[in-house]
Amino acid sequence: MVTLKQIRNSVLIALWMMILTFPIMVIKVNTIENIVIWRWMNLLYIGVGTVILSIFWFFLINRRKLEPEERKRSFALKGKIETLKGVLAKPVVQKPLYAALLVIIIIFPFVSSLYQTGIMITALMYVILGLGLNIVVGLGGLLHLGYAAFYAVGAYTYALLHRYLGLSFWVCLPIGALSAMLLGILVGLPVLRLRGDYLAIVTLAFGEIVRILLENLSQYTGGPAGISGIPRPSFFGIKMSLSTAMNYTYFLTFALVLFTIFVVRRLEHSRLGRSWVAMREDEVASEAMGIDITRAKLSSFALGALWAGLAGVFFSAKTTFVNPASFTLWESVIILCVVVLGGIGSIKGVVLGAIVIILLPEYLRAFSQYRMLFFGLILVMMMIFRPGGFIPAKRRVYTFDKAQLEESD
Amino acid sequence: MDLDYFFQLFLGGMTRGSIYALIALGYTMVYGIIKLINFAHGEIYMIGAFTALIIVGALGMTGLNPVLIFLIAGVIAVLTSAGYGVTIERIAYKPLRNAPRLSALISAIGMSLFLQNYVLLAQTSNFLPFPTLIPEFKFLANAGGIISSTQIIILATTALVMVVLTLLIKFTRIGKAMRATSQDRQMAQLVGIGINKVIAFTFVIGSFTAALGGVLICSHIGQINFYIGFIAGIKAFVAAVLGGIGSIPGAVLGSFVLGLTESFGTGYISSDYEDVFAFLFLVLILTIRPSGILGREKKAKV
Amino acid sequence: MKKRVTVIMIIALLATLFFAGCAEKEAEVIKIGVGGAHSGDLASYGLPSVNAAKLVVEEWNAKGGVMGKQIELVVEDDQCKPEVATNTASKLVDEGVVAVQGHICSGATKSALSIYEESSIPIVSPSATNVDLVKSPNFFRTIASDDAQSQMIVDFCLDTLGVTKFAVLHDKGDYGKGLAEFAVEFLKKDSRAEILLFEGITVGAVDYSAVLNKIKESGAEVIIYGGYHPEASKLVGQMKKMKMDIYFISDDGVKDDTFIKVAGEYAEGVYATGPIDTSSNPLYIKATKDHQEKFGEDPGAFFYNAYAATQAILNAIDKAGATDFDSITKALRTYYVETPLGRIKFDEKGDAEGVGFAVYQVQNGVYVSVK
């Protein structure tokens, strides 16, 4: 319930916000024309808006503080959601559900427009990118801010090989993946000793270096003007119309997503995957336990890069044009957001994260100029009220149980 | 190469370095306390500069003495930015204090995006001229354009801020509390340090220096738009890490090293690869000293 | 599982081939698309084109539209990002536009063109200057191309200013670097010219003293800069502070009144090329007045080019009496249209005839034509 004290607090907060935002919201100066516009109405909007938002905020924060059982009691709906989750977890329910989802995904391009298919392909590419970065960040615990560089390597591999040697999409796909992977190892070497934020900044630096090189080596890469006229994926040389080609790309991307999920799942539970998780939890301890940290780090970098390379080749093929502007630091940050917002280390989470992050700004197009504002706000809110992401990873519980089991042995 | 040219490049590098340093100081302080890469720090810098511009514009009509206007605008900008810093901490970071560190990072990125667009929508997307309000010192007239008075003020302010911050952290009560919070937050709480106050205070100081930088740097560059914070923030972050993040002298040293690397790289090789030199140098330093130039290596035990 | 997916995919693929090419329904209105950067850091270059389109369409609609139908605008943002631009283009195609005014940035235009080519939709860009764009049969523009502009800059330096030692700078961007590369190419062909320096500067850097010192040291007599006005005003500001007294000549991205306002006194004496001054053209005056009345401020960058582009599109549809690709492109190439830029039509490549460039210099705070 909203108490009187909370309302008083909200009013105080609103006053604070009104004072704080006064210069920027109310006064608009045009130093060119020397005109000052006073927009007093904005002050009112800020005040009223803050009161409402802060009451809502207190409500949410208080709810967050409640113990899970209490929360369940306070919210009958929540309980129902829990039981629903239980029902959903049963294989009898789950299998048809997945089948239905599959059918929807397959029918989708036929019933939707070209534009919808286009953004769905983009979203699927981000699923691949997110899952790839998840290997490095989620499993390996290595904060990577230069992931877009590998994406760029994949994209440019296809673009350049096509331009100079006329190689096709299918030939370039493995080459792109391999070259990104090699680069991943190359980056991994100098940063082996680094930890945490030092690693983050070096990967950031590396990402920027790759982009600047692409910009400057005009004679090979076309510089900032980029490379255009890259063909879409071919299908035994059949000429396809635009919508067919898009649908075909959509299915290819979807197939790659399935393949990625399959491989990442297997990796996660493999010996290598477990060594990554151990490294994430404690580098020194895991090394003491006999895990080869060098191997674990390099392999996580390399395998993470591999998926970025694959996604990059798809990017070139879908956009039919590449230039360095697509691979900025901001791109790396967005991919990181996909992973964290979805749920670090959780495959389902990353899939959902990618779809939300890519589709949300597209569907917010109606609000055009406000959409990035909302997007920023949603990122903050999500982290506060669901810090584990949409679908938090269950991994931790699992390892804990196992440890107990071993102890009792 | 002749010495005069070398000296020119050196001075240019020092100016750049002092600009980076003013922003990096706040970055490194915030990082030292809550171990968060505060992406929104660059935005505070931008908001500080924008507020100053707005106040200058509004007061410009009254016909006051330019120096006085500059001082008033500076004070208001710095205070407002400090307010923004604390408010952002309360909204976006405080609820996440016990969450995984990556969550706080994403929250910071979200905040940065929000603030950029907030200024874009409330003000304008265009570049605006930032008035030069600092008068040219007379004694510099003979310097032949080697150094301007704004450059001198930036250099002096950087030095002053660094000294004040170092003294503050070393000798005052709150400084001690800050060091304690930085070392072990739980333990600090147990010995009776109000960590909420300490963290809020850190944000006040951090935002204060960022806004100070914003005002001075923009009057040096002479233009402003909503996007300047992002680029400046990244460079300052690089500088802070280079020097050893969390260390005050480290941030300043890192900034100067970064500024000089860029300046000499451009001067003797090519400005095409200006950022590449800076970043390669960073990688090199971190390979030799994984915690930065002045950073302390402390976590070697389990 | 995997096998089943493959089977389903093959079936789906065949189905796609079958469904491809659905019937289009008869349009009640004629839709014109506007694509360009309407958000992000380049929004200030894209938004004026939307205003221009709105004004032109409003005027035509008041007169009864084209082919007896009202005109509807479909405005979509591409943020000047190539990967977004393909989505933007597909969206416009889905909406059923018959022609597009846009896009703004050359990179985004290139990637969007692939969609338009396959959907047979002509586009008229107000600002994409890249030389390769005209290779596409769908592409038209109301602005001169990069190489024409570079040639003019180079000729002006050699013939009028009489300088021979060049420093060429650019902002590493699509537009700026393209222009600078052409300038270098033309300079190399001329035996008089000597290129002392050709480098890119980093956009957003806090100071450019290092590269300027280098130029000072090299003894260049002129700086040719390819890029936009924010960096140009930083450069000229620092040049003056460093007491560097050499020529500074730049491009259309700098020939913008915002440059003079931002750079202030430092802008004095700067040369820039830009479209021929048509401010005495009655349509130009009318467009400016309409903009001021409707939006309460002076029009921004590329406004008149966008105005002309929209007019050209509507005029072509009107003259052709049809909205199919062949009729519109033929009409664009055949009929002259009165625009704020003068009387224009398009040549075989898609460049506008009648849109020329001139060199301007900042004198007493305004751009004055010098050639």
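Per-chain residue numbering starts at 1, and chain names A, B and C are given in the order in which the chains are listed.
The rule is short, and it goes like this: contacts are C-beta pairs under 8 Å (C-beta built on N, C-alpha and C of every residue); 3 or more make two chains touch, one makes a residue touch a chain.
What you see is a predicted model, and the numbers here were worked out from it, not measured in a lab.
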Problem set entry | Most contacted chain pair (by C-beta pair count) | A-B
Problem set entry | Most distant chain from subunit A by Cα centroid | C
Exercise. What is the distance, in whole Å, between the centres of subunit B and subunit C, each centre taken as the mean of its C-alpha atoms?
Worked result: 36
Problem set entry | Intercentroid distance (Cα basis), subunit C paired with subunit A, Å | 33
For this session: Could you please state the distance in Å, as a whole number, between where the Cα atoms of subunit A are centred and where those of subunit B are centred?
Result: 29
Exercise. Of all the residues in subunit A, which ones touch at least 2 other chains?
Worked result: 32, 216, 369, 372
For this session: Note the residues in subunit C that touch 2 or more other chains, in rising order.
Result: 172, 200, 258, 261-262
Problem set entry | Per-residue multi-chain contacts in subunit B, two or more chains | 128-129, 272, 275
For this session: Mind listing the subunit B positions that touch subunit A in their complex?
Result: 31, 35, 37, 47, 50-51, 53-58, 60-61, 76, 80, 83-84, 87, 91-92, 95-96, 99-100, 102-107, 109-119, 121-124, 128-131, 234, 237-238, 241, 245, 272-273, 275-276, 279-280, 282-283, 286-287, 290-292, 299-302
Exercise. Along subunit B, where are the residues that touch subunit C in the complex?
Worked result: 5, 8-9, 11-13, 15-16, 19-20, 125-129, 144-145, 148, 217, 220-223, 225, 227-228, 231-232, 235, 262-264, 266-267, 270-272, 274-275
Seminar exercise, completed: The answer for subunit A against subunit B in the complex is residues 16-17, 19-21, 23-25, 27-32, 34, 36, 42, 61, 64, 137, 143, 190-191, 193-195, 197-198, 200-202, 204-206, 208-209, 212-213, 216, 282, 284-285, 288, 329, 333, 336-337, 340-341, 344, 369-370, 372-373, 375-380, 382-384, 387-388
Seminar exercise, completed: In the complex, subunit A touches subunit C at residues 32, 102, 106, 109-110, 113-115, 117-119, 122, 215-216, 218, 223-226, 228-229, 235, 240-248, 251, 255, 258, 262, 315, 318-323, 325-326, 362, 365, 368-369, 371-372
Seminar exercise, completed: Seen from subunit C, its contact residues with subunit B in the complex are 41, 43-44, 47, 172, 199-202, 204-207, 209-211, 213-214, 216-217, 229-230, 233-234, 237, 241-244, 258, 261-264, 266
